[in-house]
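Read from first to last, the chains carry the letters A, B and C; within each, the first residue is number 1.
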Amino acid sequence: MEERMRKYKRRKSILRRLSESPKAQKVETVMLPVAFGILVVALWQGKILHRLFHTDTFVLPVPTKIFGIMGGITDKVIGNTIDTLLVAGIGLLLGSIIGYLVAVIASFLPNMGKGGLTIVGAFASIPIAALAPVMNNWTKDVSTEASFRSMISKILVVLLIAAANMGLNAYRGLTELKPYALDLMATYAASKRRIFVKLQLPNSLPYVFIALKVSVPASIMTAIVSEYFAEYITGIGRQIRENIVLAQYSIAWVYITVACMIGIVSYALLMVIQSLVLKRYR
Amino acid sequence: MKKRNVRRWLALFGAAVMAVSLLGGCGSSSSTDDKGNKSSQEQGALSDKEIIEKAAKDGKIGNWGLGNEYEVLALLGKYGLPTDYLSQDFTMDGFDDNSVELASAMTYNELGLVKNDYDGGYGYGDSVKYIDMNDEGVAMMEDNIFCTKKFAKENPQTVAAFLYASLKGWEDAVKDPKAAADIVFKAGSSVSPDHQKYMADEVAKLVTTDVNGKQVSDIGNMDDDAMQQTLDIAKKYVTLDDKSAQKKLQSTGLDDIRDKQYLEAAKASDGSFKPEKKSVSIQLKWLPQAQFMGYYVAAAKGYYDEVGLKVKIVPGGGDIAETTAVNNGTVDFGVTWETNLASADAGGMDLLEVAQIYQRSGLVLVYKPENFEK
Amino acid sequence: MKSTLQWLARQTWFQVLFWTLVLIGAWEAGATLVEMTKRMPANIMPHLYQILQAAFSGQEVSGGMTATQVVLKASAATLGRAFLGFLLGALAGYMLAFLMKLSGVIEKMIFPYLMLIQLIPVLGLAPIILAITGNINSSRLVIAAILSFYPVATNTLAGFKSVEKDKYDLMATYAAKKRNMFLKVLIPQSIPYFFTGLKVAAPMAVTASILVDTLQGDGGLGCILSQALKHAMSIYVFWLIVFFSAFVGIFSSILIHWVELLVTPGVVVNLLRKLSIGKEAGAYGRKNEKVQKKKKYPSSVV
């Protein structure tokens, strides 16, 4: 144990020397994950990953094959991606707005609000697999167009998850103020509205982003999963399922890849927006 | 949106052409009327063809997709209609509230739920009518027994022994479906007892009647015509996005996906085998229910033991299990549909059908006559 | 009277009860509406009492079992796998966070990919993992593990990182060994964060397990759910499962909270006893307010 520790210390010191210059550190932050990614892809392409996992190129096609197929069916992929993005995006947007409004109302009703939020939060814990078919049943009368009502039902599932997430976090942001901040506002004889705009709202912003960091990936995931149960056959998730039923794993992998890319891009986008917004308020 | 409109106009146009040709006097498509389901002779009712055309025009034909849709597509293609269908969820609620007027149903499952009024049923009784895929000439072969080519080659005696015992189980089951339903029920069923009994009766019909409505005596027979028809429809309507797989599917012949030697060996045998592998498993396509009663009967009556096999029945219940599970060796045998097997092989799997249990398609399109009056 | 009401309104249990009653009222109103307008109301929104009736009725719905027995048997299978997967995932998540803390290189390499894991659709993984493990049960277990792995790893890492520089300095003044640093500061500090991760992970593991059921069958909750949804047995089985899984999802994070409460004081006592440096360092940085109040450090732990 001791020896290992010493060894470990030595390694660290070399690294520390390396990371002393901020330039090298920056390069490291970008390069290391990229290098790791390249390594995995190389192992994958070289079919070494397959040997490691005792699997074949049928279930786990090599990357060149996946991208080759993707190039051939671009239109179809884009169409399905848009359908999934619409569901995830609209659900996330509406859900977050509703969640925030609920939190605002709850923060004005200190007595009953918190209990209500506990209930709202509970919705986030309901398994999507149980929620999706129920929403399907409830949206049967929305429209005679199956594609439309099926989309509404998917949006509702995403909305519920996003709202629960946002409600809980925004409430914390609106109520967990810095000590004495409220007293200070009171000495200024500030109106409730002023307190809200000048104190609570800015204070809740970082919490909004905490919520979004969870709900952006969650809403994509929820959209994909609710597609499995949806009435109308469309979207990335449904394509994965349909192709797996037909044992077309390489096509399924195309859509899995797209799903991952959506996740990464949307998360990166969120980070950019966060740095812009939070910078403005500071 | 524009595309949809164009399609709609095309459908309308197609329907108009059909109507004109009908006036010309070719309304003879529905002649076989043995079950009283065809109501074309009744006054004021539309013929099957007219019903399909009307439903297609209104966009009210439903199917579940997920590989179940090819017969419906072939039917629409047969009448020169655009191959659009409404995706039906897994309940018959859409049929119930008329959002789907011509709904897909399996005779042994959904049709029973629509007709019967036991728990879970919709209780329409005989007021609903249906269009049978077998009569329309677009039947595709369903539940079979398959394994990998490699397994079959290495364990010919095991395959033959398994078929021998399974077919014996199926023979007993179709002779007495009620008793078979009881056996399945005891083995841990996933459906209500009433529905189980209904299902057993209907499955027995599928196992003992061929696509032309003739009685079949040799259970498990792989009828070349029916299988070729299935494969032809699959080639026409299955679209695999992977181009190489699509090409492979197009060049698939019957001999690529089935082999009769094991079935022949089983039929010729006196019941004594020397199985290479003694402990085998079979992956069902779905949960334990009368759809698979033959295997449960064979297990319960000890037929597998008699041929020297220890058989484990693995219930399915998912969309993924059977082809993948057999291909990667998790289980030895599986139950699937011919189309699934053909497209799995085209995708790179190595599967082989060794017996065809269901001799005709179980798919029907069910409708309420009041929605299709003149 | 008014003051009693006000007192009640401040009680969390009363608030929860109040809102639950509001929800029940809304449900019943919806159910009444559906009952009046639909031919098969039970498929869309049955009355709650009907669901309860189905739960307690002795009628056999399938395989010689009543509705409740069916649900319980299925949930034993599903939850068993979810729990095992959850444990595995939590353990792996903690280990990885530990590794990432040990080595900045590993952290920089892997952390971005942690994000990815959460974004790969579970179903996409299911058949691949089935193919790799060659066993339906273990593939479900692995999927539940993967899903619970991510929140645990990220939260625990955040916990390790939340240790302020003061504490490193303090430990340095005691000339503490690296091992002690981990045992006495880093690990205790990470525990509350670890539990936060667990609370997120628990419902996820349940969801994952149910979802994989619907895809791979073998008698789990999800499997029976889709079977009942298809009317192969009483539709009330479907509703029972919906409510039961909602309850389990919610209850799972409450349960973790209880475990946390149970474990936390124990950890404190153990640490106080074990710490060679003294009681101060042990309590220092703990989230436990009571301990902090006794000490004179107005700790700045968030």
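To be clear about the criterion, a residue touches a chain if its C-beta (ideal position, glycine included) is under 8 Å from a C-beta of that chain, and two chains touch if they have at least 3 such contacts.
A quick note: this is a predicted structure, and the numbers were derived from the prediction, not measured.
Q: Looking at the contacts, which chains touch subunit A and subunit C alike?
A: Both subunit A and subunit C are touched by B, going by the contact rule given at the top.
Q: For the interfaces A-B and B-C, which has the higher count of C-beta pairs in contact?
A: It is B-C, judged by the count of C-beta pairs in contact.
Q: So what's the Cα centroid distance for subunit A and subunit C, whole Å?
A: Using C-alpha averages as centres, the distance is 18 Å.
Q: Please compute the C-alpha centroid of subunit B, do the same for subunit C, then give the distance between them in whole Å.
A: Here the centre of subunit C sits 41 Å away from the centre of subunit B.
Q: Give me the residue numbers in subunit B that touch at least two other chains, ranges are fine.
A: 93, 97, 319-320, 324, 328, in rising order.
Q: List, in ascending order, every residue of subunit C touching at least 2 other chains.
A: 43-44, 127, 131, 134, 213-215, 229
Q: Find every residue in subunit A that makes contact with two or more other chains and list them.
A: 55, 59, 137, 140, 241, 244, 249
Q: Please output the residues of subunit C touching subunit A within their complex, sorted ascending.
A: 6, 9-10, 12, 14-20, 23, 43-45, 102-105, 108-113, 115-116, 118-124, 127-128, 131-132, 134, 177-179, 200, 203, 206-207, 210-211, 213-215, 222, 225, 229, 238, 241-242, 245-246, 248-250, 252-253
Q: Can you name the residues of subunit B that touch subunit C in the complex?
A: Residue list for subunit B touching subunit C: 90-93, 96-97, 109-110, 113, 119-122, 185-186, 188-193, 195, 286-289, 314-321, 324-325, 328-330.
Q: What part of subunit A is in contact with subunit C in the complex they form?
A: 1, 5, 8-9, 12, 15, 19, 28-29, 32-33, 35-37, 53-56, 59-60, 111-116, 118-119, 122, 124-130, 133-134, 137-138, 140, 214, 217, 220-221, 224-225, 228, 236-237, 240-241, 244, 249, 252-253, 255-256, 259-260, 262-264, 267
Q: Tell me, which parts of subunit C touch subunit B in their complex?
A: For this pair, the touching residues of subunit C are 38-40, 43-44, 59-64, 126-127, 130-131, 134-136, 213-219, 223-224, 226-235.
Q: Quick check on the complex: what are the subunit B residues that touch subunit A?
A: 65-67, 86-89, 93-94, 97, 99, 238, 240-243, 245, 319-320, 323-324, 327-328, 340, 343-344, 347-349
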